[in-house]
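Several structures are given next for inspection.
Okay, so chain A shows up in both of these, paired with chain B first and chain C after.
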Partner chain A sequence: MEKIISFPHLGDYYIPISIFLERTTKLKVIPSPPITKKTIELGAKYSPDSVCVPFKYNLGNFIETLENGANILFTAGGGCRYRYYAEVTEVILRDLNYNFEFYKLFSGDYLNFREVYRLFKKINPKLSLYTFIHNAIYTILFIWQMDKIDKIIRKNIGFEKKKKQHITLKKEMLKKFKSTNSILKLILYYWKYKHLFKKIPIDKPKDCLKVGIIGELYTAMEPFSSYFLEKELANMNIEIKRYTNLSYLLWQKIWLKKHMLRTTKKYCKYTLGADGLDNVYRTIKLINKKYDGIIHTKPFGCTPEVGAIPIIQKICQENNMPILFFSYDVENSNEGMKTRLEAFHDLLKVRREHK
Partner chain B sequence: MTKGYLGIDIGSISTKGVIIDAQNNILASTYLWTKGNPIQAVKEVLKDLQKQTKNQDIKIVSVGTTGSARKLIGTILKATIIKNEITAHAVGTLSRYPDVRTIIEIGGQDSKIILIRDGIVTDYAMNTLCAAGTGAFLSSQAKRLDVEVEDFGKIALTSKNPALIAARCTVFAESDLVHKAQIGYKKEDIIAGLCRSVALNYLNNVGKGKKILDPIIFQGGVSKNIGVVKAFEDILKTNVTTDEDGHLMGALGVAILAKKEKEINFSFDIMEGQFETSSINCGSCPNNCEIICVKEGNKLIDAWGNRCDRGKSNIKIEQKE
Partner chain C sequence: MNHKIVGIPRALLYYYDKDLWIEFIKKLGHTPKISSFSNKKHLEEGQKLANDESCLSLKLFLGHINELKDECDMILVPRLFSIKKKEQVCTNFNCLYDLVNNLFDINIINYNIDLTEKESKLMAFLKLGEILGASYIKSYKAYKYAEKISLMKRKKLEQEQAEKLSTSKIKILLAGHPYNLYDELIGKPVCKFLSENEITILYSDRIDHTKIDEECKKLSTDIHWTHSKEVMASINYYQDKVDGIILLSSFPCGPDSLSNELISHKIKECPLITLIFEDLNSEVGVITRLESFIDILKTKKEKIYGKNN
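Presenting the complex of A and B:
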């Protein structure tokens, strides 16, 4: 039987991840089919009811990809309850009588390269250390550069003169990124496209509304799970700032911890688990940077964020900062979110007029 | 001839309509049940408003819609403004009570809190996952107790010793209620307990973490229930103001907002035609978006609900058939 590797979705990150898997294992890689309503229906059907929604999306992804013929599955780990999700997922899938190999990328909270190398050596015994390091650097660069471009996009996408220019250019860029194996070329492409992105004609007033998105990582990074929150904001001509991305989680977060504890000293003595402390820190940062509002997203029942919310609420009340909380679960209608977003937009606009 | 501005609030349970003049005075108003058919309800609202203003020389120059069916009705009426109910309620209430600082609103299926400081909205919240403690809950319990929901308040006030009823969740509150009734609590004590649990539930869920400051305005259908008003006053230990037009605030607000928009020619018989809505499943991908099409006769006016552009071509095909 041909071996086919697959893994669940997280925004656009499936592209660098599938390249990495393909080039290190030399096996066929097919990412899960794009997330749709069917994915979450399948996921919800076989998940424990009270588990948070990222688990349900991941499980749905796995089931769909297994149906497509995948037989080696990869999942991340670390973080909050998430670190135990791999084991639970595996048991559920085995109970459903699927046949597959299952690998967890990291066992601790942070990426450990030696461990990952050993894992890949097991799958592909011919893997040389050189190929592995080369592809690791390539993938990290890919992710880092994509995240940096995404930051530019989020700033400007709400103001583009011709619709969809940013999205089209990003697709083109990712195709170019994918086409090369050379790290040097990857860097050159980045500079080229960064230039192109800055040249897209935009119609942006200097004092446009600016909103920061904070919250749990999955709902922040997978647009389907937040009902395309960023797209809605862009349609309202709002500049978006989002801190959470893969580069942050994989290698930036670890350096920031001490600094975050120092900044949030007035409110937090310890970390809150997962991104809880980070979000308290970001709240303070967004207030200092004079953003107009904050939107906090989380899956329903997300424990670290439930701990962070009262603190964030207090900081916002002290500083008169408008904040909107969204809690996502398996629902089909986004009307409720739209109503609240519209009202939030009105609130921000009126505040501006009264300043 | 006076210029009139029409505001319609199509809620899940009831539909409200007002006509105001340039000074925000209500010239005509109407209030009836939506009965799950917003188009029919609005037709009746328009008919009623037309009847009320027949002898006055009023010309409607702008139309606004709000409430959960705002988009559907706004499209059909070619409304000048379609606004969410949070903003509409804030604007409507502020026009009457410029120094209000907290608006408590409990409607048929949703409840919200709006915090206002110095005349501008600073914070708000809506109930998220469940409809606990809203009008729908009260009216279903009224049926169970065989009492008209309109009499709830009066009966509640006669109670000297309100029963304690769990406020956390509607389902628990209901089983608590049944249990209390079976072990012999008086009806009025149970009803008073229910009113208290609605207020507590609201403050624990929607009002959580919000600073509720005087003056407080309580509106929405449930504000007509004097038992709940009293429960709020007891818990918050302050005065809670209700307005006899409290149920109209959303419609009033959106009518005021419509004043700022461009003037249009509006005639009451705009709803005379056959309006129909249908939903089709896109089918272009497994997401299977449900697309809502609004048709006047055979003409498609608008469609929404699809997440990408592919759905649009599907509607066109449907049109040809």
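Presenting the complex of A and C:
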């Protein structure tokens, strides 16, 4: 039987991840089908009720990809509940009578390079350390550069003169990134496209409204839950700043911890678990940078965020900063979100005029 | 040394370390003041203070602090991150100190156990003693003394539990976090109902603690919450020794949402019921479900042994 690898979705990151898996294991890789309403329904049907939404999305992804013929599944670990997703997912899928191999990329809180290498060596015994390191660096660069370009896009996408220019250029860029195997070329492509992105004609007033998006990592990164939010904000001509991306989680977070504790000293003495402290830190930073508003997103019942919210609310009250909370669940009505966003937009506009 | 009244909220971690705290504070010459048993007022106050999506147990905890805030010189609010190597606790315990500190304007004494930052339990208690005005030597002695007493009490409970296994009555394992099992609003009505129906209750936290790691591995290899491991271990250990299992948890509990699912997938022989408690629970609904569960257990037992009696 042919071995086919698959993994759950996380925004556009499926491209570098699938390239990495393909080049190291030399097996066929098919990312799970894009997330739709049906995926979420499937996931919600077989998951426990009160689990957080990312679990339901992932499970839906897995079921659909298993139906498509995949038989080796990959999942990542992480902090908080993410770390325990793997075992429960596996038990649920086995009870549904699927046949597959299941691998967890890392078992601790952070990525352990040696552990990952051993895992891939098990799948592909011919894998040399050189190819592994080469591809690892390639993938990390890919992700890092993609995140940097995304930052530029988010800043300007609300003000482009011709619609959809950013998105088409990004698609083209990812295709070029994918086509090469050399690290040097990847870097060259990055500089070329960075230049191109800056040349896209935009019509941006100097004092446009600026909003920061903070919150739980999955809802921030997965477009199906956050795409609507970012698109809607762009339509309102608002500049968006979003902190969480994969490069932040993989290697930037560890270095920032001490600095974050220092900045948030007035409110927090310890870390709050998962991304709790990070969001308190971001709130303070956004206030210092004089942003107009903050939007906080999280899945329903996310424990670290629930613990951090009272602290964030207190900070915002003291500093007179408008903040909007969104809690995602399986049933999401876009209309309801839209109404709340519009009201928020009006509030920001009025505040601007009174300044 | 001036004498202080130290408030201890009767919620969350109180049920794990109560003897340790009380004996330690008493030995240092201060008075521990424990809040009253949970009641509706605690819940109401907690609901006002906490975020809507916080779990019931956390809301009760805040209610308890609200009761203590005017009556004590300082209140003990512990903060845990990792109390065993490579394991963690629920993130609610991570943010407990900062949450209370931001919501209330009170004098908190706290201790912090975080093995990833090399803060052990002993270190935490030495620092606690320092805040209370005792020397390190005195705090060390007090800690050792308190540890001895709390271990003795725990051993006694474990022994009692082991003796219960030999009865011929219907035995039910009540599994869940101790702060739910022994809480006046959550676990107590269940216990009361079960003992009225002449059922022997075994508690998940009274399992022989030397067996926890070994028993837990048989059910789940990956679980990293120290407190959930205890529940898992007890379920695996008692599953063929009892007639039924009741899983108690509060809504929306992070660790339980996953671990309960795993348990219900893996335990197939032993009858199992999951009771989830939230703010608006009516006791009657719970009792009805329990009645039918007990009826099932009784008929099952009669089918096996009935003809001989």
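As a working rule, the second predicted complex is superposed on the first by the 353 of 355 C-alpha atoms of A that agree within 3 Å, B and C clash if a C-alpha of one lies under 4 Å from a C-alpha of the other, contacts with A are read in each partner's own complex, and residues count from 1 in each chain.
We adopt the following convention: a residue touches a chain if its C-beta (ideal position, glycine included) is under 8 Å from a C-beta of that chain, and two chains touch if they have at least 3 such contacts.
Being a predicted model, the structure only gives us computed values, none of them experimental.
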Which of chain B and chain C A:270 touches, first, second, both or neither: second
Of chain B and chain C, the chain that contacts the larger number of chain A residues: C
Partner chain in contact with A:310 - chain B first, chain C second, else both or neither: both
Which of chain B and chain C A:51 touches, first, second, both or neither: second
Which superposed partner A:327 touches (first chain B, second chain C, both, neither): both
Contacts of A:347 with chain B and chain C, given as first, second, both or neither: first
Touched partner set for A:11, first chain B, second chain C, both or neither: neither
First, second, both or neither for A:336, with chain B first and chain C second: first
Doubly contacted chain A residues - partners chain C and chain B: 300, 310, 327
In the complex, chain C residues that touch chain A: 49-51, 53-55, 79, 81, 86, 88, 90-92, 94-95, 97-99, 101-103, 112, 114, 220-225, 251-262, 265-266, 276
Residue ranges of chain A touching chain B (in the complex, touch as defined): 33-34, 36-39, 228, 300, 310, 313, 317, 320, 322-323, 325, 327, 329, 335-336, 339-340, 342-343, 346-347, 350-351, 354
Interfacial residue positions of chain B with respect to chain A in the complex: 68, 83-87, 118-126, 128-129, 209, 211, 285-288, 307
Complex contact set, residues of chain A against chain C: 47-52, 55, 79-81, 83-88, 91-92, 95, 104, 107-108, 267-274, 276, 300-304, 306-311, 314, 327
